[in-house]
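A, B, C, D, E and F label the chains in the order they appear, each numbered from 1.
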């Protein structure tokens, strides 16, 4: 198999197959935390951060599981390790930098059960990415997630002042915008190929 | 959108409304008859109301002090006619609030002469005396804002006035009072400038006149006293060039800091009619009793520039000049920043620069308000570079605080350029006025 | 005489005469030359197509207003623009039932759900176009030859396909100048492109007429000239740079400017007042982003044309541009 | 499309008498996890491109939900409060892994179509949410009922989406052609955007029905 | 002080309880998973093998038995067991007489919507591609996935010429994709209208893969034919 | 073998996880008074600020810390306040229910409009345009800003364009007081029933041209009222509510009905001698 270039991995994860708009991963925070730009930015940052950490951990675990010969424990170990890592990170940040904790901390528990993280590590294992590739993939996915979240937040903030009809207010509108964004992102298809 | 704007040597942005000045600009100033009943509110200026010192039934002569200044930011009030104080009570004003005031019944057959007071001579008086004299004469900015002139002339500690700008721009459509004053009271103006120079210590004086008053500019330029550092400068016609900040930008190329005054960059701007009034009154120690007012508009029969006693009721004024049958709107001031009159029982005040009357047939009010299409016409019009489009959207949603904090709402001086340009007919100025009011109220309640 | 009830309102009491409906109506006038050229070049099919999209947009707008108990806003002409623009971006032999669907989607998804005129965050016509592109990718990339001799007496068989049925497409694919360049590296001559002697979408072929329409609007102060200027300049500069680096691989900037939907997109799509930033500097940035995206998608992307996606993405970014680039307020110091 | 919804409400209303059916129906209809609570959206959108995939996914989720709810309910006195989330995740992950292997053993094709989304059931907020909000506080029987109801509701919602998307996007239902061969497929329905649009459509219908019902009740209340 | 001492006395017991609960559940889970895995493993393997066989028999029609080969680091072809992993796997298909019918080769590349993995059949006798099967694709449904469905397109792969030069190292002609209806030579592929990128991607993948694999297979032809 | 591996791996993992959680449990416990949450749950969650705190949570904190008594929350029903008091073991600290009262009776059936206002339909906006065009400079403009601002739907505009306060729904949050540009609303204990229903500061009957129910400052109420209950200040009667004000005597001789008695059930009661206004429609728009 021809190895993909880092550039392509990044573009693919962030634009062409955007985690939110093409894979529907992380829809819950996408719907929930996309109301305000500031929170969206922080959430994006926190997710990207956790993604990189999770990708690193998952790479190690995968090696370990293959060595031990128990690939069937992949899922359960991933989720357990992600959950505990996030918790560790949370504790660590709280201790080291209270300011950072205030900025990112409230999102960390939310991220534990974010399918984007688990999806990332599962895809990364399925695709057989190496260590560096995994990191690039995580960065791309995080960037894509942040981009989608930010675009949505900007639009929603603007629509706060629009006369949105009652029947489409709320989730319906957000989903429809997400659909239009998803259509727009189709323009990136084939990029870097 | 504003594609051709940068060709002009003037402040940025702004608009070009139709001028409508031709009808009155060649009509000389005429004395207006005295109304049988004069109504004088004690708050004709910005600041603290004057304090009445006369009592009911008292007879007063023209020019007599009726009310003294209520504080530093206040001016006294003089009797515009000789007559009897009939009643004191609440009198209506253009702001829609009733304020304490005086009903003055004028003597039917009085010569209405003003007795001479203790004059202040420009050569001998100290700046402080002149300043006091200006306050005692009850002089306020006659351009429309009616801000006490002596407050403006009081140079704060540590600041220096380098240039004195005499504002003869008169950018409001229809109005020609300043135009006529410049043509007819040139001597008073130059005398006034001397007083002002002494008070402010300014080394340079610029008389700013818009190009549509070429004859006034020429007249003034011909009369400039020899070796006086006075320059008459002709400016391109543009609204709202008469606003202090815009005028300073046009002339000096500098911006007045947000929330600051022209003195912060070394300039003092005084209206040309105010200057003339200073030159006219101070040598005689008199108080202000009358002012020049342009009465015009499609609903007026005898258009013209009239010298009208302060306190003359609007109803009397309109009866004298005659109006069309179907009058619909009356404005005090020009069409851009003037106020619509709800009640003709209010009277002419020191700040009234014009009376505009429109019949029903001439009103082109656009009732059809479209949503904001974010065309940006307002941005290209706003002389202080606000974002009226965004401000309007926020105002509609009631986000007053956000408007003030993030979008400089409080810098808006309601010139109306945005609303003039808006193709969707959104009442932007009214929104801003409302929001400013709310913000001020909230700030006041916090402190 | 003075006993009448006066009317009071807030200042300013004078207004300049142009209303939003006037602007919208003039945009329609400005679009018409290019649309007529489309009809001239592609014949009856194009005429039917333009009528269908316009009618469907206007009807949808009308019924949605009725449905939500509002006064019909058809009279502000914005639905006409949307319908006409949508028709102009579709191939002339596009089946009418799909075009009708496109009009409905444009107004519903592109405008109504956001609250109607003034609230739409995307260009409605492009939302409809993007939906159609995703839904019927074959029909929308099947082009009809221009200047067929019998174009005014016959029409494409695809035009009157039954609703929901697959059209028997009689066009050909991959023959627009952009596709020809992308897949076969054949450049089309610039005069042909500029005059519209090529095949393509109904209203996008004649660049000259589109520019004329734009100039008319700019002269009447009804369009934001900064956006098209910025887009075209960016495309020209970026593509010129690439062409200088490798003229074999990358097309000439003029080819880029006059081919495909760039002219129509830059002049009439990206300038959708509501969905673009409002500040002058913001307009330049917005145009530059769209220009860059157009070149990137056209040259490196999988699709031959990217104007639609570039404009939609530009629309999505424009709230951020508005938020980040605010005009410097008078007296607040230089930034 | 709203017609079956209406008749169904009436039918369901008559059944809502016993507490057991009440719990079940709450999940299926009134508190439908997808249409009313709007949670667990990720698989709803991702694998609803055909009715078959949607149904399989729904059933898998329902299975995991049922098993984990049961186990959590059984163990509710054993698990300390501080570690409950971790324990729930462990339990859920176990059943998801089991479901994953079970589906693989049944059909490779189906497993390929569902892809990683089977594994992602672990992080479906619906399951963790029910474990936390219901199973950990209620008896085994009610927890089972709740899981059945929620599972059925979830499956129903997924099926609704899958059916519309497959019908328009492929002209078929469960792989059987519904429309004539010359039907023009709406490719967009198979794309991610189609998922967003279809879900929005269903939510819109639910909103509109709810609204109409409220208005009707208000109309009744007034006179 | 009082609360402190209370906390001191209760905490160890809580900690112990936590530990017990978690490890206990962990052990139960481990058992459940391991049992499921054990139980389903043979069936899954079977199904997978079946699917693979099916795919191979699509690209090598009439195949009866097969052998798996891998490419090692030195570009040698070795027979491998199912369990071993190798970056490149080849499957040699034989008829009932054990005669080599063709080879199924896995290849991948980047398509319109991401990575595209295919299995193609190669006939060393005819030096031609005999068919291909898409293993994994993210192409646009209804458009890009025509590469699997369009019979016109699949017709190209009846006998796509990949004959080698005399040196047995390089190909005579590179596989190229041409516009629909423009196919003239046996090494050209007729593109799909409207799915140009996807059909090109297939061509590119095949061209890349055959450039490497065709000489390799030819070199080890004898090795493969031994059955 | 598989089972053993699984056991080992998962055993280790869970052990590790449990360890982390135990550490977390020990190190990171936030000690916050749980009663705050409980009390907040019992509050009405309207965050109206009538209690003087910025919202329900800060009020709950203040309640728990004993700085304030539950009676301060005017929005809660009595049972709710009692429940909080019982929970915290404090007195209710009952305060008399207060309501917003309007000091204007000039609906469009009795008061004239001097000018027709065009623009944003809100009192605050209209009042900035020459006062809004109403003949009486002090009177209610009737665009219903108070109705719009009331979160409790306690204010409705009647057919004559005057706001009517539903005293059952009113929580005395003060939003209408702030919203009214003419300052016509004020908060009063519900027992204040003797009420001056006008804000006109002018003396004399001239005002009656503008509004038929205006106070003309005739002073009859002040004369009649026992115990100097009412004094005329600035041409308006002012009731001294610190005295016994449960009397209807002062309203009886009011010629215009500007001083009234507010009855919970019957609404506004005017004195016997006040003019009976029976006009049901809008008064003609006046001359200016």
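Everything below uses one rule, namely that a contact is a pair of C-beta atoms (placed from the backbone, for glycine too) under 8 Å apart; a residue touches a chain by one contact, two chains touch by 3 or more.
Computed from a predicted structure; not experimentally measured.
Visitor: Which chains, if any, touch subunit A and subunit D both?
Guide: Shared contacts of subunit A and subunit D: C, E, F.
Visitor: Find out how few touching-chain steps suffice to connect subunit B with subunit D.
Guide: Counted as steps through touching chains, the separation is 2.
Visitor: Taking each chain's centre as the mean of its Cα atoms, which chain lies farthest from subunit B?
Guide: With centres defined by C-alpha atoms, farthest from subunit B sits E.
Visitor: So which chain is the furthest away from subunit C, centre to centre on CA atoms?
Guide: Farthest from subunit C by mean C-alpha position: F.
Visitor: Please state whether A-F or E-F has more C-beta contact pairs across its interface.
Guide: Result: the pair with more contacts is E-F.
Visitor: Express in whole angstrom the distance between the two chain centres, defined as the mean CA positions of subunit A and subunit C.
Guide: Result: the chain centres lie 34 Å from each other.
Visitor: I'd like to verify one number: the distance from the centre of subunit C to the centre of subunit F, where each centre is the average of its C-alpha atoms, in whole angstrom.
Guide: 53
Visitor: Taking the mean of the C-alpha atoms as each chain's centre, how many Å separate subunit C from subunit D?
Guide: Here subunit C and subunit D have centroids separated by 40 Å.
Visitor: Let me have the rounded angstrom distance from the C-alpha centre of subunit B over to the C-alpha centre of subunit E, please.
Guide: 85
Visitor: Hey, what residues on subunit C touch two or more of the other chains?
Guide: 2, 4, 6-10, 109, 116, 118-119, 131, 134, 137, 302-303, 322
Visitor: Among the residues of subunit D, which ones contact at least 2 other chains?
Guide: 82-83, 86, 90, 93-94, 97, 101, 187-188, 191, 193-194, 197, in rising order.
Visitor: Counting only residues that touch at least two other chains, what does the list for subunit F look like?
Guide: Within subunit F, the residues that touch at least two other chains are 2, 5-6, 9-10, 13-14, 17-18, 21-22, 25, 114-115, 118-119, 125, 128-130, 133, 288.
Visitor: By the touch definition up top, name every chain pair that qualifies.
Guide: Every touching chain pair, ordered by label, is A-B, A-C, A-D, A-E, A-F, B-C, B-F, C-D, C-E, C-F, D-E, D-F, E-F.
Visitor: Provide the residue numbers of subunit B that touch subunit F in the complex, in ascending order.
Guide: Touching subunit F from subunit B are residues 89-90, 92, 94-98, 339-344, 365, 367, 427, 430-431, 433-434, 437-438, 441.
Visitor: Quick one: which bits of subunit E touch subunit A in the complex? Just the residue numbers, please.
Guide: Listed in rising order, the residues are 29-30, 33-34, 36-37, 87-88, 106-115, 138, 140, 197, 201, 208.
Visitor: Going by the contact rule at the top, pick out the subunit F residues touching subunit A in the complex.
Guide: Against subunit A, the touching part of subunit F is residues 2, 5-6, 8-10, 13-14, 16-17, 20-21, 23-24, 27-28.
Visitor: Considering the complex alone, what residue numbers of subunit E touch subunit F?
Guide: Listed in rising order, the residues of subunit E that touch subunit F are 11, 14-15, 18-19, 21-23, 25-27, 29-31, 33-35, 37-38.
Visitor: Could you list, by residue number, the parts of subunit E that touch subunit D in their complex?
Guide: Residues 14, 17-18, 21-22, 24-26, 28-29, 32-33, 36-37, 40, 43-44, 47-48, 50-51, 140-143.
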